[in-house]
Each structure stands twice: as structure tokens, then as C-alpha cells.
């Protein structure tokens, strides 16, 4: 009797199969883009994977217009025989208009609510998302979604980009005292899309952009494990002479060009006085290109060079900070640092921003040359 | 009557208590405590660990007075058969409710993560059948499931190293900004998660070396506290405050940042794996409640588990909505708090007084 | 020996013939000497003719008259095994076992002498459990030669070989083999109790006996180790287990078994520790993979496509795109196909078997993929699981895993990973519930014996094995007394 009961229960259970999601019946989207059409109406484009072995094409792009992302999804669904799913979604693109005028946060709710969207997907800004997705140049990757994912992933791992996945974005967006950044992807006819710049956001709206090399200064203070990427400095020869560094060979131009590769870095933000913030950083580097050559075999000349590089970088950082303050955005997280001090822990977002614009910022970067390559 | 009890070694108590503490609660605890104590939530966790440590000591000293008795028998002993039975009935109802709350919480989680569209009762039925199979094997098998489920799931702790890459230490600062009331509220909320040590009341007769029990149960609750502490701290460092406030299961959302070269989206593995984590809990609660039914109604435990399972199965048709569940969890948590944090203290003094009266007369 | 045994009611030839249903095999040679008459009765095909001729008939004929009497014969007949004290029933069974019945009519007394000539094959290499290293001798069907092998390898006075008889219609001899001061009494008692409880007309093989002795008859998992390797048998006996040898069966039974002992091979002891530890882990991994890999495939393709890494996604998607079946059906079909190939290969003569493997493996595999009936990823997975199941050192464990795979595949197809995890829960509880001779099956994992893990999970250098594993509760724990000499020289000395 009992055994029959158990058997019956088992059968009952197995009869209630959850809705299947068999791989080849899914319209798997790897990339989705939103363009602003009108106020409140968006155009969404997705690239769906095609699994047909005989056909050359591995993906298909479809687009639809709607007011919310799920409405767009519904309308996209009408255009295909597959179920559109976002479990393999890797990248979400927004066009510049959305990011400048509407703001991105309205799209974030659905991404966090939908458990099928992971938190490691990348967000990026581009001029026209539909065109990016429709672009047929994606190096050796099977389709655009994986290409852009690889592109962003490589840049994040290697250099030049601040983490821009969904988790990093939303956690910096919602946190008081720090503003997110997003990569800007540029798309030209006949070439694969590439990362052009990094957008600076204030809250969830784009206010400006910086070049990729500048992200160095953000990473210096926000992420100790990030790779900073090579730094190239062009210093007028006069400055070099003033410092007393001697050239070994005759220079061809009037600039001293040096490329250094950071090995380790450590940055700290300190509130030293009531309204003065010190940004100190130390970078150990190895020199990988020096033009024209200088002597790097004695302590004195190295010290001089270190000083020179430090000063140059500090100056650049100072300029960079001023630029940020002009845009009233704080991707470095100075506000967050201030808020972590007990006295200021109750400051609201608005108060912090006011304080940020009135702060005195002092920046010093120390460079330490650890290696000089195979020659000195 | 006691002769054919299967005994287990004292160290097994560590696994039993630890696994019965870790269940669905730990997935949501960072948020719940954070809502009360903000970035000082971790202090609340440690405080509640301390609190439980004291209570464990009390429980052991109560139990030591009544050799080889579980709580049901102690009640009958202390208050007489009639009043004892009333209290026991109440406890059995609590355990059934706790059992249901774990099952439905898990089913809810797994429905959110990939199984939308399934009726709740299917999951409940499946879990119940497995539990019945385990419990019908007796205490030795239940202790075994506790031990093995610990071994099979403890490695999940190491998965957290990946979220560690994107944590930010400034989020926990400034330390000690929460008021004592906030902290105490945090302790109160943490205690819901830390419940489970009450199984000690019922496994006591099965333990071989009773002297070592105090050590192992303290070890267990401190280990649990450590794990809850780690997850709380990492969640605070990982999420921005606003995000932490909206995620129902912050730990699962955090695990979604884990991926391996051969596997994306680790949370889709972690959620099914969580069956193994809750499985010992289900077994223990079913075992304890059916034991209570046996004590009160003199019904065979074999039949007791079926009766309780049917009750739970029927409930699963009615209490299923997120809001209802939340209310239900809160109620179970509240009752659990008074039952296992306040009541043992009371019981401790009653037993002392009673033994004094007896020794005088 | 001086007192004459009480066997006055000895039957004569006619009576025996009657009892044996007029069997044409039963012969009688009557010798008349000095007025006395001797009947020499035997079964024709069961005795060794030379022995009977030389040492029974010729011996009696050459005796002087006065010596032809019961007491002289009993003492002097030149045959090693002589029975003098027996009942009527025993005469018949002895005759059927190749004894010769010598009946002295006048004295009405008789004796039985052993001239048996059992059918035996020579001792050969083990086939089902093949080894690279170590002794390769295997048990045969003959109980006496098996006992001979064991005695020769374990020449200890404490080696007990208790004899029992089992079966009603076909009586078979059975030996319980253990070492007296080592094996736990409880285990022996349980085993003997269980053996007494068996009433069967015929136990056709030791594997049948093992199944009768099991605690849980419904389980997929074998609860006794079946081996044809004497060295494995001895290794187990020396670790405090009990062995059973059944006559007419080349496979010995060892109990109590635990789950992990099915993954150890004697080769592990002979090989270097590092290699054998590595191999053991491979075996565990192969087993787990064999059990779960196909189920994972089904679960991922049916419910959890999110898990597939992006690089694999298109490969898997393309290989699945033409397949008309859902993954569950596809997987079950392929698994059945592999089982079919294995079964056909096992039934065919060995030369054809190889061709069968090639035809099945390459042609069918290739063709199904080409025809788009299955994805090539699945072929790889199914082949892996088949290989994994065969890596079990004990054949029965491999078969258990092969069968247990199917419920997992179905659960995966029905509920995805949740189904698999529920399956794992059931499996774990089931293993916890199992016992072998009342000893827990999952020992030394549960109950946890950390010192025994070096026996069952890994191998260490031999000087770590000074004690026997405690899971079998050996009475004498001490094993090897060999001091490991550490070098006391400093680095620059030698």
C-alpha cells in the first residue's frame, strides 16, 4: 500500500514538468541595444543566435519599438519562431540619446528583477545601437554579441577600461558619493566596432567623456588589482634639461618620449583638513620605451627621472580632477570616502556634491622605477 | 525502552547543530539585518552568536539534570502530563510551521531561479517524499545526512572568492554608527536565521559522550556565526546600500557574479545545490515533530511522519504568495525567537527551582 | 580407534541400488576371500579408476586371509581419507561424492574411502579482474583447490575454514574463511545466522548466495565484494573481513563490504602510493561522472542553457539543431544503444566482439550524428560514461552505476538540476541506510573514521599502514611492525 502510494506520488510529481527551455528552441540573444526614438518610445534591437549548421549566418538581428523593455521584448517575440530568452545575454548597449537625456536607470529595474540576466553582463554606450548590432565585421567571432563581449572583457582585464559590468555599474550608481562610468563604442562602416572613449555619468546620465588612457587615474584610486595600462609621456626637452638629466644620444625631435608599464600601484584618498582632500598614489613601473635614450644605470639619474615622471603625472591628475569637477561628476569616489568618515556619514547626495565642488584637491603621484627592461 | 537507541558520537552533534542552523535564512540574512543595523549589521551577527552561546550553555545544563530525556519528556516531567502535553502540542505546531517555512522558502527561491510556472505543491511534494524516505531510516540516517550534506556543501564558501574581487571596504565605514537599539533589533532579526540550535534539546538522548557535547555544540554555533558573519560582511562590501535593501536573496545575487571558464552563471547550480543544505533541516524538523506527536498522542512515529507530511502538503495549496510567505516567515521567526531564546532561560530557572524544592523535601 | 564404531546397520549393495533409483552408474565388485565376502560399491564415473584398482581391490586381494577384517582394513587401507562412523544418509552422499563403500558382509560392517575424481580445470589467469601488476592466479570451480591456494598463501594456524552445507536438493559445501583472533565475533555470528536462514533447493553460484545474504534486496548496489582473485581475498581476510567460498563456484564472497572497497583494487597496494592515489581519484571521478554526466547534459540542454559558456554555446547549438528529439529522449536512446553494444559484445565470441565494437562505436556513432539523430557532444558524453562505469575494479559496482544512471537522466529531464539534486539526496540517504552484515555501508565516511580514509580513499607509503582499518572492528589492530628509519645525517654528511 505504502509503496504504491509513493509510486503514485512520484508519478504525480513527474507529471508536472516545468516549462522546458530546450536549447535549440530558444532565440538566444547575446546582445541587446536600445535606441531612443521619441520621448518615451524606444527601439530595441537584438541579435539572435542561429544554430543552423548549413547556413553561413550565425545570427539574425531583429528590432521593435515600444515603451518599456519588456514591451519591446513582446513585440520582438512576434517576429520570430523561437522564444526570446536573455539567459545568455552578455552586453546591453544604449544609444547616446538615452544616456544623455533619459538616463539608464529605468532599464536597470528589469535587469535586476529578471533572474535570467546575470550580473556580469556589460553595459556600453554607442551612437546607434541598431547599426552596431547589424555590423557584419566581428573578427573571428561567430557573431556580434560575442565579439563585443570579448572586446569589453579583454579591455577590462587588460587595461584601459574601468569595470563596467552590470553589478559594478548598478552598485556605483546607487551608492552615494561615486558616479559610474561606461565605455563608448564607436562604429564605422566596414570595420569592427571598437572602444573609443569612456563616458562619465552623473547619476545615470552621461555628462562627458574621457579618453581611455585617462581611466588610469580612476583605476589608481578605485581598484588596486586593476591593470593600469601603459603610460606614455611626452616631455619637452627643456624640462629634462632643467632637471639635469642627460641624454646619451642626440634627439631627433624636441620631445622626450617615455613609455612606462605599471607593475603595482597603491592609491589613497585622505581628508586631511576640513575641506582639503589629498590624493596620493604610488606606482612602481618598468620602463619599456625611452626615446631618446638616457642613462638609467645610476641611482641619481633614476631618482631624477622618477621625480620628473611623478611631477608630470601629478600635473595630469590635477588637470583631470578639475575636468571632473567642472562636469560635477565623481567617478573616483571622493564623496564616498568623505561619507565613510563618521562626521560626514549622514550627508545626503546633494550635500556631498556641494562639498565636492568646493573641496581643495591635492594630488601627488610618486613613481618608482623598478625595472628598466633588458638594458639600462 | 532506551536500550535500542542508536547512539552517535559527540562530534556528530557539531554537524547536526550546524546544519540545522544553516538553511534558507542565510541567503537573505544580510539584507534583513542590514535593514535594521545598516553597515554595522556584522556586529549584530556577532552579538547574536554570543547570545546563543549563553543559551546553549543553559540548554546543556537543563538537559544534564534530566539524563536521557528530550524536551518533550522534560515538559511532562516538570509540568505533569496534561500541561506538558499542551506545551508539547504547541512545540509540535511550531516545528511543523518551521518545516513548512523552509520548504516553501526553498520552493519560492527555485521558482524564481529558473522554474517559473511550476505549482508550488510539486516542489513541496518532491521534497517531502525525499525527507520521509530519510526520516524513516531513523536517527542514524538523519545524523548521516547532516554530516554528508555538510561535506558536500561546505565548499560553496570558497566560491565567494570571486565576488571578493569587486568589494569595496569603504562601504563598511564608519564602524559603530548604529545606535544600540538598532543593533539589538539587528540581533533580533539575526536570531531568525540562527534558529536551529534547539535541535540540541531533542538529539541529546542520542549522543554517546554527553560531556563533550557542550564543546561541540559551542563549536557548531560559533562556526555558524562565523559563516553568517562572513556572508554579511561580504554582502555589505559587495552591494551598495540601496541594492542590498532591495535584493530578497542577496547571497544568491552575489553568487551570480561567480563564473568559471567552463560554466557561466554559477547561481543556477548553487540554487539546486541548496537542496542539500536544507535537506538535513527538513529531516531533523520532521523527525522532531513526529517524535512530539508520538509523545503526545502515542502514535507510532512511522505514522506520525505521514500525518505531518500530509498536513504540510495540504498547506502548500494555500500559503504560496510572496507577501503571505513573508508574513508567515516573520511569524515563525517571532515565535521561534520567544520559544528558543527566551523560553530556555525561563525553563532553566524553573528547573533550578524545582530541583531545589525537591532536594529540600 | 580401538573401540569399534557403531555402524551395524550398514546397507548392502541391493539396498543402496534401491535408494539410488537403480542407477546404472552404481557398480559393485564382490570379492570372496576365505569364506568372507566383501562388497566394493562405487559410482562409476565419479571415482578414479586407478586408485580403486591399485589401492582398494588389489590391496584387499593381496592381503593374507587373517587380515581381512574390518579393524585391519580400517587401519591399513592405503587411502588418505577413510570414513568409519556414518549414517545411512551419509553413505549415499559420500558415494555421490566419489567415495568407495567397502562392506564386509560377515561382520556387517563397512567403511568409506575417498577415491574421488572431481572434474577440475587447471588454475588460470583471472579474467574479469585483470591486473597489470601482482599475482595473477585466480580461483577455480573446485573448493579443494581454492582452499589449497588460500592455505598456501596464508599458512597461519589461526586461519579458520569452517565448513557448512547449503541447499536442499543439491547439497553444496561452503567454507567460511576468517582469521580467528582478528575477525569480529559479531560479524561472524550475523553471517552464520544468515546462512542458516537460507533454505534453497539449489544455490547455483556464489553470486546467488551473496544476493541471498544481502541486507537490502532492492538496492542497486552490491553489498558483498565478489572476487576471483585470491590475493584480493586474502587482503580482505587479513583486514578482518570474512570470506565465503562455495563449491563449484570460482568467485569468492567477501563481507562486510563498504562502498569504498568496491573502488580499491589490489593493484593499488602493489603500485607506488602516488600512482595508486591518483588512480583511485580517477576512479571516483569516473564513477561520479558516469553517474551524472549524461544527466547534466540533459538538464542543461532542457532547462539551464544559461550555464553554457559562450564559446561552447554555438557548438552545442549547432550540433543539436537537427536533432528531432528532446534531449531526454535523445540521451536515453544513446545510453540504450551503448548498453546494447556492450551486451552484444559480451555475448559474441571474442573475435567477432571486436568487430562489433568497431561497427557499433564508429559506424553507428558516425552515422547517427551525420543523420542528425543525435548531437556529437552527446556521443562523447555517453562514451565517457560507459568508459567510467567500466573502470570499477569490481564488475558489480560498474553495473550498479550503469543502472543508477537512468533514474538520474529521467530526473534531469523532468526537473533539471533540481531533479538531479533530489536524486542525489535519495542516493545519499539510500547509501546511508544500506548495511552489509549489519555494518554501515558508507564507512569510513559515515560513521567517520579519519584514520581509515588512508585505506579507502587514498594510498600512502606503506609505513603508514601499521594498523588495520577499524571499520571491520578487527580484534587485533596491529599490522606491520616495521620502523621507518629517518636519516640522522646532516646535509653535508653522508
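Observations
Every chain is named by a letter (A, B and C) in the order it is written, and numbering of its residues begins at 1.
As a working rule, contacts are C-beta pairs under 8 Å (C-beta built on N, C-alpha and C of every residue); 3 or more make two chains touch, one makes a residue touch a chain.
Chain by chain, the UniProt names read as follows: B = Spore gernimation protein; C = Spore germination protein.
Just so it is clear, the structure is predicted and the values come from calculations on it, not from any experiment.
At the far end from chain A, in terms of centres built from Cα atoms, lies C. Ranked by how close its mean Cα position lies to the mean of all protein Cα atoms, the top chain is B.
Inter-chain centre distance (chain A to chain B, centres taken as mean C-alpha positions): 41 Å.
Separating the centre of chain B from that of chain C, both taken as means of CA atoms, is a distance of 46 Å. Note on chain placement: the centre of chain A and the centre of chain C lie 65 Å apart, centres being C-alpha means.
Annotation for chain A: residues touching 2 or more other chains are 13, 18, 87-88, 116, 118. Within chain B, residues 114-115, 126, 264-265 each touch two or more of the remaining chains.
Looking at chain C, one finds that residues 303-304, 306, 308, 310, 415-416 touch two or more other chains. By the touch rule above, chain A contacts chain B in their complex via residues 6, 9-10, 12-13, 16, 18-19, 87-88, 112, 115-116, 118-120, 163, 167-168, 170-176, 225, 333, 336-337, 339-342, 345.
Across the complex, chain A is touched by residues 300-306, 308, 310-311, 313-314, 316-323, 326-327, 410, 414-416 of chain C. Within the complex formed with chain C, the residues of chain B that make contact are 8-9, 11, 110, 114-115, 123, 126-127, 130, 133-134, 137, 140-141, 144-145, 147-149, 151-152, 261-265, 268-269, 271-273, 275-276, 279. Contacts from chain B toward chain A in the complex involve residues 112-119, 122, 125-126, 129, 165-166, 168, 170-171, 173-174, 177, 238-243, 246-247, 253, 256-257, 259, 264-265, 267.
Residue ranges on chain A touching chain C, taken from their complex, read 13-14, 17-18, 20-24, 26, 28, 30, 49, 51-53, 58, 85, 87-88, 90, 116, 118, 142, 146, 149.
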